[in-house]
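Heads up, the next two complexes both have subunit A, just with different partners, subunit B and then subunit C.
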Partner chain A sequence: MAEFLGRRALHSAIAMLSLILFVFVIVRLSGNPALLYLPESASDELIREFNERYGLNEPILVQFGRYLWDIAHLDFGMSIRRHIPAIEAVVLAYPWTLFLSGITLVLSMLIAMTFGPLAAYRPGSVFDRSVTVLALFAASTPGFWLAITAILVFAIELGWLPTSGVGGPRYWVMPVAIMMLEITGTTTQVVRGSMVTSLASPYVKAARAKGMPERRVVFVHALRNSLIAAVTVAGDQTRGLINGAVVVETIFGWPGIGKLMIDAIVQRDFAVLQAAVLTTAFAIFLLNLIIDIIYAVLDPRIRFR
Partner chain B sequence: MDAIKTWLRRFVNGAALVVVSFAVFGVSAFQSSAQESQVTIALVVEPENLDPCDAPSDRVGKVLLGNIVERLLDRDLSTGQLKPELATSWELVDDRTWRFHLREGVEFHDGTPFNAEAAKYSIDRSMNENIACQIREKFFSDRSLEVTVVDDMTIDVATDIDDPILPLLLSAHVMHPLSVPLDENVRAGGGTGPYRFVDWRAGREIVLERNPDYWGDAPDADRVVFVWRPESTVRTAMVVNGEADLATDISFQDAQSHQEISASFPNAETTRIVYYARPPMTDPRVRAAINYAIDREGLRGTILAPGVEFAKALVRPSVNGHNPNLAIWPYKPDVARALIADAAADGVAVDREIEFIGRQGHFPNVDEFMEAVTAMLNDAGLNVRLRMVEGPQRSQMMRPPYPEEPRLFVDQHDNTLGDAVATLFHKGHSKGRSSLGNDDPYLDFLIDYATQQTGTERTWAWQRAFERLNLALVREALLYHMVGFVAIGPRIDFVPTERTRSEIRLADIKLK
Partner chain C sequence: MADKRSHLSARVRGLRVSINHFRVLLAGDAFAFVSLALLVIIIGIAVIGPAYMSDFATALDLSLRNAPPFTDENGWLFWLGADALGRPLIARLIVAAQPTLLIATSAVIAAMLAGGILGLAAGYFGGLADNVIMRMADVLMSFPSLLLAIFALYVLGPSIPAVVIVLGITRMPIYIRVARAESLSIREQLFIESARAAGARRRRIIGVHITPLILPTLLTVATLDFANVMLAESALSFLGLGIQPPELSWGLMVAAGRDYLTSAWWVSLWPGFAILLTALSANLVSNWLRIAMDPRLRWRLERRWGDSDVE
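Here is the complex of A and B:
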């Protein structure tokens, strides 16, 4: 297992280094922050002074080398806009996204694990068709449109929920619901499809022949073998939650990492953007590792190779 | 390791905050209106910082200016004249030196006195090249100021060049205590204003509370909370729902949908179309045709808000130098086509492709606006291709060196200084950074002359310069003085002004 973890860490380190280089170059190609920060009438001297102050006047390779050296020393640079260390902005934003994504993921999986098997139990039934249609609707509805519509309906027309912001449980309802839709719809469909296959498998027939209770056949024997597919999809969807978080956090004024990244891109705040991307990439590396371990736990045939 | 420990501690604190806020059942959605003397204001974006140096930034200024920090002098919008704020009077000592007598009995929020030493320190910090400071970068980029303490409540400010409007320029400087470091930008600093900074919950809200020791009239609200929501619909919904009392930068569509709570105001921006001095725009007939080809009335009330005003100059009427006698170009597509055809007959390359550059998100409905104007210009016989770019890319395009390819730009300008010098030097003078390669010695002379004048002579000279720019040279197609919208809740009285785009005077908000 140690060898497996080491190999995965090495692969991830190479991928992360490539990502760092890519982000570092691409954000610099998107425009000099001096032209955004300084007035249009700024003299060349003023722009040179700005670039010097933030080390933007040096060749990009020199900048990149310095950046690598700094992050090796856990120095992610200062935000040129916020006047705070970039990592501080990221660390303050991360818990909000993690909790939002975590709650979304748990609730989505619970729903998918309940309705997917039930729909698969009688393929083609009214219940199965209803679940499939709802899952398709959930997976394909644009989050942006739905979020605005939900605010107009549940906050303005009905007055049940606050429009946006963070606070007590009522503030979490709409952001979590919007983020849940796509992941729930997709995962439910995957679990259903996988369960249909599992329920037709010889080992399920054997279990039934032995007189095992039907609930145990479905939710223990068949579902466990369908979980591999569900975990794979859930892993992908969790990575996608960051994308979903960008939309949801922007609309609902949620102070998370997605909103922070958008602000950093718009403001060309290189240090914050790089720190946010790097920490997100690291989180995804950890997530992949966890998924690999879950695979092995779920299916003993899978070994750490 | 210490760094990791610090991050972990912050992360854990942040996580605890999330859990606590989730767990505290009963925190109402309508928290703001529940507290009678609290006002909640919904902005578009979170201010990047509250460093006094960045007060000229719209995002920062909305929270900072006139609320936490104050200036030596302020400009009366109705008269255009300067009025006392932290300086009670001022006079010219010699050609390059102005003397300012400071207001007595004023204290900063940290309890230290406002005096000549603090005033000098504030101006010196703003002019300090070792820190990023928008006050210097925007208003004093090529200048130096020498501040001398005359006595405890008097300072002299000397300039390196003759500048008859130095007090006006100095109104950009804001006063802060000595505790704000000289050589370092800060997240937030104090001031002398009617509100003092209390808390900044990153990504969530900024909280101010009334300064009990304020030297002026006490404002109504005890506590003001700034929050931010990028979507206009959400900001408007917050006011409708009672979660916010004031929402800024509401879209025209949202204002139309909620007329009972919306109010419009001149947002200080003036929109125009400008171009590189490259063929075919070097031909005066083509420049005139561009002006005749644009249906200004047709765009108003359809793509743009009905309240936008036709612009006669690149500055609003409240700015010194505005020329009210200039005419607005009528919509005459037939004349535009005839002018282009006439130019083509004389060998002007009117079929040359012209890039029409717009900035993404520049103003509401900018995409539709750009497409409509492109169609109008092509209908006149030009070969215009629309291209939308991001802000930094457009700024780079508008700076020298200019390429040979012709380009038109949609440009917006706001003159917050109150004098045409902040407009005409940069955008009209051949040495200006935004002149796009256009050059006219007589216009240069008028601008240089006006810069050295005061009073009515200065106003007269600026008006001649605008005449030269717009009538004789037709160097731009002036379009509109833009309007903005705010949503105002039922708990407060607030009248937005052309200043509302860059500052929200909390003292002007009255609780009903």
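Here is the complex of A and C:
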């Protein structure tokens, strides 16, 4: 177990390091990094001073070392618009995204674990095919377009829900619904696929043979074995959630990490953008590490692969 | 020589048989048939449409600002309404189809080629190359693609080639994994061993024996990926980081209509609809293709064909 942990942690560290390297290289590729941090109207004098202060005239390896050092100390520079350290802006935004993604994830898992088994119960039935087509629909719909269409219908025309912002429960309905679009279809399809296999297994036949109620056979015995598949996609879906959060938060004015990034781009606040991207990467690598450890505890076979 | 020709004609015959087979399978699935037809029509419009429509698409007529849809009084070009500068939406949708489809296609092909080559190398050579390539794929895979694209496009500046490259890079890992897994299993087959024993060079083994076997799988994945890439490009353009005006794309058109949502809903509704329709058709076709290409799943389509005979 210790060896497995060490190897996994090493992989994550390498992944994080290569991402930092990627960001570092791409920033240098853009020409002059100082121009990214400074306002567009920056004078040559200001640029020279900035280069001097942040060591942008030094050899590239020294720069990279300094860059790593700063990141290790969570020093991403100052936000030129907010006049606070970039990391502070990021930390303030995180809870909003976490709550939004958390609720989305739980709700879409519930849907997947209800509709997946029901569709798998009779493969090829009308219900099964409807679920498949619905999932394809969800996977084919541009979220940003559905979001503004939903605003038009439910907020502007019907007046049932607020157009944007944060507040009481009514503010959560549309953002969560649009975020769910991004991931519910795939999760349902994966649970369905795994349930088809589970339901054909001998232990399900045995459970039926001993007279167990059908509902219990499907939702307790078979579903439990499909859970690993469901959890696996849930891990993968965190990426989809972040992708969705960028779009949904921008449209609904949700003060999370996605809106922070787009705002940073619009305001040319590079320090904040970089802090947001790198901390998100770190959070995702950490999450993947935790998920892998949970697997290894649940399923000993994984440890020895 | 004669031997070679008969070999070739056997292959042609085989191809014809399988095309016929696919046609039968396709006829049995109404969804797949309709969506394939739609896809062909959309691609046809994207290819020949802009040549006829680009003048109309850019002709301003401020008297027709945000003209409403479904009336004939302004001519059929305005049947879907006009945008904020009085340009007919039908013409703009048709002109935007080309860049939207072209960018998605180029990104998918770029990802498939680069990912396929890397994956093949990883699977065939193994060892260090395998390790490095797969770690790289893992990093790309575990990171939200939109974030990577936003960051890279912000730093490098948005342009069509940049969008294609960035989207291509974010989609690469799937092809790397598929190509690696396939070449790993093919490498161990007896016919590769006999080719090697017969003195075939590495280049010949990879080019003649392995690549043709991997290609169909990669193409299936590519059709599956097409809709995803198109949606990603649309989202990027919507956020202002993809295609830039005066270029056109459906995602950009949705963004342009957002400001007039309360007064002219049609400006952003139609382009979104176009994206949905194209993505859905592509997804349905690729879903069907995946089943039709897989001998273990093909019975589902065949049985359905048989069922409808009985009904």
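As a working rule, the second predicted complex is superposed on the first by the 246 of 305 C-alpha atoms of A that agree within 3 Å, B and C clash if a C-alpha of one lies under 4 Å from a C-alpha of the other, contacts with A are read in each partner's own complex, and residues count from 1 in each chain.
Methods note: a residue touches a chain if its C-beta (ideal position, glycine included) is under 8 Å from a C-beta of that chain, and two chains touch if they have at least 3 such contacts.
No experiment lies behind these values; they were computed from the predicted model shown.
Asker: Looking at subunit A, does subunit B or subunit C touch a larger number of its residues?
Answerer: B
Asker: Taking the superposition on A as described, I'd like to know which of subunit B and subunit C A:151 touches: first, second, both or neither.
Answerer: both
Asker: Is A:277 contacted by the first partner subunit B, the second partner subunit C, both or neither?
Answerer: A:277 contacts subunit C only, not subunit B.
Asker: Once chain A of both complexes is superposed, is A:53 in touch with subunit B (first), subunit C (second), both, or neither?
Answerer: Touch status of A:53: first partner only.
Asker: Look at A:106 in the shared chain and tell me whether it touches subunit B only, subunit C only, both, or neither; answer first, second, both or neither.
Answerer: Neither partner.
Asker: Answer with first, second, both or neither: which of subunit B and subunit C does A:285 touch in the superposed model?
Answerer: second
Asker: I'd like to know which partner A:220 touches here: subunit B for first, subunit C for second, both or neither.
Answerer: It touches nothing on subunit B or subunit C.
Asker: With the two structures laid over each other on chain A, which partner does A:10 touch: subunit B (first), subunit C (second), both, or neither?
Answerer: neither
Asker: Between subunit B (first) and subunit C (second), which, if any, makes contact with A:39: first, second, both or neither?
Answerer: Touch status of A:39: first partner only.
Asker: With both complexes superposed on chain A, which partner does A:200 reach: first (subunit B), second (subunit C), both or neither?
Answerer: A:200 sits against neither subunit B nor subunit C.
Asker: Of all the subunit A residues, which ones make contact with subunit B and with subunit C?
Answerer: Shared contact residues on subunit A (touching subunit B in one complex, subunit C in the other): 30, 36, 148, 151-152, 156, 250.
Asker: Help me check something: in the complex, which residues belonging to subunit B touch subunit A?
Answerer: Listed in rising order, the residues are 3-4, 7, 10-11, 14-15, 17-19, 21-22, 24-31, 45-46, 48-49, 51, 129, 132, 134, 137-138, 141-142, 185-187, 201-204, 227-231, 233-234, 237-238, 240-241, 243, 390-393, 395-396, 398-399, 426, 432-434.
Asker: Touching residues of subunit A toward subunit B in the complex: what are they?
Answerer: 30-33, 35-43, 45-46, 49-50, 53, 74-75, 79-84, 87-89, 91-96, 98-99, 148, 151-152, 155-156, 159, 161-172, 250-256, 259-260, 263, 267-269
Asker: In their shared complex, at which residues does subunit A touch subunit C?
Answerer: Against subunit C, the touching part of subunit A is residues 11, 14-15, 18-19, 23, 26-27, 29-30, 36, 124, 132-133, 136-137, 139-146, 148-149, 151-152, 156, 239-240, 242-243, 246-247, 250, 261-262, 265-266, 273-274, 277, 280-281, 284-285, 288.
Asker: Where on subunit C does subunit A make contact in their complex?
Answerer: Its residues touching subunit A are 31, 135-136, 138-139, 142-147, 150-152, 154-157, 227-228, 231, 234-235, 238-241, 251, 254, 258, 261-262, 265, 268-269, 271-272, 275-276, 279-280, 282-284, 287, 300, 304.
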